[in-house]
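Just so it is clear, A, B, C and D label the chains in written order, and each chain counts residues from 1 on its own.
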Amino acid sequence: MIQLDQVTKRYPSSDEVLKNVSLHIEAGELIYVTGHSGAGKSTLLKLIAATERPSSGTVLIANQNTSQLKPSAIPFLRRRFGLIFQDHKLLYDRNCFENVILPLHINGITGLEAAKRVRAALDKVGLLHKEKAMPITLSGGEQQRLAIARAVVSRPSILIADEPTGNLDASYAAEIMSIFHAFHQVGVTVIMATHDALSQHGAQNRVLHLTQGRLTEHKAQGLT
Amino acid sequence: MMMHWLNHQSQAFQSVLARMRQNIAATLMICLVIGVTMCLPSLFYLGLDGLSKLSNHLHQETEISVFLKLEASKNTVDEIDALLAKNSQIQAYHFVGKDEAWQQLKSKANNTANEVINQLEKNPLPDAFFIQAKSTDPEALEALRSELQNTPGVAQALLNADWAKRLASLLSLSKMLIIFISLLLAIVLLVIIGNTIRMQILTQKEEIEVSYLIGATHRFIRTPFLYAGLLYGLFGALLAILMMTGMVLAFNYAIASLSHLYNSDFQLPLMHSKLYLTLICTAMFIGLAGAYFAVTRTLEKIVKAQTSL
Amino acid sequence: MMMHWLNHQSQAFQSVLARMRQNIAATLMICLVIGVTMCLPSLFYLGLDGLSKLSNHLHQETEISVFLKLEASKNTVDEIDALLAKNSQIQAYHFVGKDEAWQQLKSKANNTANEVINQLEKNPLPDAFFIQAKSTDPEALEALRSELQNTPGVAQALLNADWAKRLASLLSLSKMLIIFISLLLAIVLLVIIGNTIRMQILTQKEEIEVSYLIGATHRFIRTPFLYAGLLYGLFGALLAILMMTGMVLAFNYAIASLSHLYNSDFQLPLMHSKLYLTLICTAMFIGLAGAYFAVTRTLEKIVKAQTSL
Amino acid sequence: MIQLDQVTKRYPSSDEVLKNVSLHIEAGELIYVTGHSGAGKSTLLKLIAATERPSSGTVLIANQNTSQLKPSAIPFLRRRFGLIFQDHKLLYDRNCFENVILPLHINGITGLEAAKRVRAALDKVGLLHKEKAMPITLSGGEQQRLAIARAVVSRPSILIADEPTGNLDASYAAEIMSIFHAFHQVGVTVIMATHDALSQHGAQNRVLHLTQGRLTEHKAQGLT
């Protein structure tokens, strides 16, 4: 499904952020990516989501090499993903409903069907009553949940979440984690960068740990 | 597939309309600028059009007077008449016989002149043709004059050419000016529409970025901006037409007084459907093109930022 | 305190310059638009200036011919001469005595006319004054003519008024046109500079917001935008002057050929320091004012958003 | 120092976010504000920082009623605060150094003195080597630390931090917390909204807990 082979990533004017990373992810897995601040977690997720390209090595997604993809093919690759960005990337000039419906419009789903799915997604993250509110009027945690609703609304086959519970208190974080696990249960591949909350669900899942750009892997043991 | 496409179009169009309604003041301002900028060259065009029409009215001023020899016979007069009728450069002419001219002189003459005339024993005036040429170009007129001068039986062909020369110079100066100014305004128009779309894109840069990140195609992103460009062009052109109508009405008053002096009821036309159509099409095209280039450039930047090594 | 103020000013100024250098293409485009928009009314002003100068050159065409009675004595001539010398509406005049006129007529006369003249026994021509009025206004000229007509000893005062009337109409039409267009361009200029500053503010809205949140005073936030406005105005005006110089050079060629017809070596001046100074000051003022209003409005919005209940 | 008296806050188109909150904070205290996502933590901090005004009740800061303050006096009040926003509010068109120097410029400090203080602040949060980097090229945690550097550079007498460790892993979070405690040690009033990390330092400090807009107070007991 997703395969990284000897991937090195260097940003212009930076050292190597990822060094010689190899990785294989099967469809339907639930994967945690952990590491210090600045270790390269977000960079790894960006490579997988094809929003960055490796400096060397290959990234294969569904057998497509992202470095060799034509620009016109990239959008269709991305529609497989549900992305939750560390900085949310909400659109502050449209309300919650319009934010969440955007991926559906991009996928060509409009009308009542779209509205129904948007409301279902908002309900899942507990924001149905804020449907008409502008994102700027939401609290930090509410914005994070809105970003999650936008990522899951188009029922992607791969969910990539960059610290989706960073701004949430423990009870909300647990709730959100259970949403991700529910997606995982129905066969969605979930890749999540995180630095906490591995305690509850992490037991049977792979944990990729980044230290200074190098990858080590182990089964989760309930880190706190 | 077709349904999907139509859906997307109508949705993009509606979102653009909604956005314009939200920022109604800014939208109006942009349309006003486009309108004014389109209005100016159109006004100049109308003005030039009017000038050249006026110059047709002024034709009669560029007359060539052909005086026949005093001893010219009825035969010679007829011959020259036939010659003039055949000449393709001549628009119109009329004949004034020597007796007619004598009568006119006597009846028109004032006190002083009368005394002179009364002292004359016989009619000293020749037969004459007064000719209006088709061209107002000084050189063509001069050529025609010397051609007439060399016709047998003609004593003298005189060209009232000063006014024609002046008019021609004025017209060529005006044309040069109008071309210059239209060029300048075309630059302004392009920059303004380009800037407007860039500004629009600036306020929606995040939207473009996020849309692209979550899988929108270039076409999906581009469509609403293209509609915005089209609409700005359309509204701008309509505003321009409105302003022009107002100005033409105002000017017709001033021009009427000028036309009066030239004995014509010349007016600038209020409904100039061909000009208006051209205006609307041009504005919409420039709007579309400006939007296309601006959004494509922004998209390319975003794509490039994501494919850098 | 003074030191602090100076520090802030120079730092704001430098940050504006750095920002302009960074977005050099956009900055140039904005200056170009401002330049072109300022250039047009200035060109029109120059044109109007030129027209009225040309109209002075044309003065000589608006002549009043005063023919005295045939029996007018040397005394009457002197009296009228004194009267004309005193008249403040008269720019210049010259006297042509009856003998002089007779000689001129004889020497100039062509074949046809010669025969007429030769048949005359004695000089039929009166003494005459040819008068140039100061005004070109048709009504003033007509008033002067009738005043002269009623002077004792004058047989007839004739006004060659057609050309004057036409010129006056043309000039008033041109003036109307120029005022209209300048008005339109003033609107365009205001909207353009306003838009530009608004765009600048849009790209720096976050900066304004954050600065205000962490304790910046309005003045601190405003200063760099005011400098930006000033600089846009200055650069725009300089560009306008550059363009104008180019165009004046181009036009002088065309105008030279026109002037030639009027027997003058009329040229548009290349260095028009007063106009240029006005241009620069106006542009900088509009830039400053536009920046001030735009940034104040944005600040007020931000403040209001924070004080809502 | 800071006194809230029967404060109620209602946003346009929202219910009461804070209900009848009264509160007194002495100079030099270290205070935690806790509560669920959307409980009103950020709103409370905004009221204290005078970036929002109460719907009813009074907020006194250094004996000044923020509701009655003239607009021209607000900037000078704000300069007493070092603010760390939940969404960082960094300026993405200037580099790290320029971001941090902004409060100094606002305070009229320029030149070498300013540069020295900026570098000291960047060093404190471990970003001295990123001085010339643009914020967009920083990882989530690095951005958060940059925001902290900007808040402390002008040596404010009151530090207000809205979830300053939300995006940080445990070791960085502890480091940042110790920075705040160091400020507290030298007499700075610190008010911090948080939903974790109370374990290490919280023992002797006040904790304000918000539940549906109502304030309850207790001494920290090392919540995890």
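Going forward, a residue touches a chain if its C-beta (ideal position, glycine included) is under 8 Å from a C-beta of that chain, and two chains touch if they have at least 3 such contacts.
None of the values given here were measured: they were computed from a predicted structure.
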Set of chains adjacent to chain C and to chain D: none
Query: In how few steps can one go from chain A to chain C if every step must land on a touching chain?
result: 2
- prompt: For chain A and chain D, what's the span in angstrom between their mean Cα positions?
  reply: 29
- prompt: Between chain B and chain D, what's the gap in Å when you average each chain's C-alpha atoms?
  reply: 67
Message: Taking the mean of the CA coordinates per chain, how far is chain A from chain B in Å?
response: 62
- request: Report, in whole Å, the distance between the mean C-alpha point of chain B and the mean C-alpha point of chain C.
  value: 23
Message: For chain A, give me the residues that contact two or more of the other chains.
response: none
Query: Of all the residues in chain C, which ones touch at least 2 other chains?
result: 203
Task: Considering only which chains touch which, label the overall pattern as line, ring, star, complete or other.
output: ring
- prompt: What chain-chain pairs meet the touch criterion?
  reply: A-B, A-D, B-C, C-D
Query: For chain D, which residues are in contact with chain C within the complex?
result: 10, 12, 51-55, 71-72, 75-79, 81, 83, 85, 89, 91-93, 102-103, 105-108, 110-111, 150
Statement: chain D residues touching chain A in their complex are 11, 13-14, 34-39, 41-42, 86-87, 133, 137-145, 162-163, 166-172, 195-196, 224
- prompt: So in the complex, which bits of chain B are touching chain C?
  reply: 26, 29-30, 32-33, 36-37, 39-40, 43, 47, 67, 70, 110-112, 115-116, 119-121, 124, 126, 155-156, 162, 165-166, 169-170, 172-173, 176-177, 180-181, 184-185, 187-188, 191-192, 194-196, 198-199, 202-203, 243, 247, 250-251, 254-255, 257-258, 261-262
Residues of chain B defined as touching chain A within the complex: 4, 7-8, 11, 203-204, 206-207, 209-218, 220, 303, 306-309
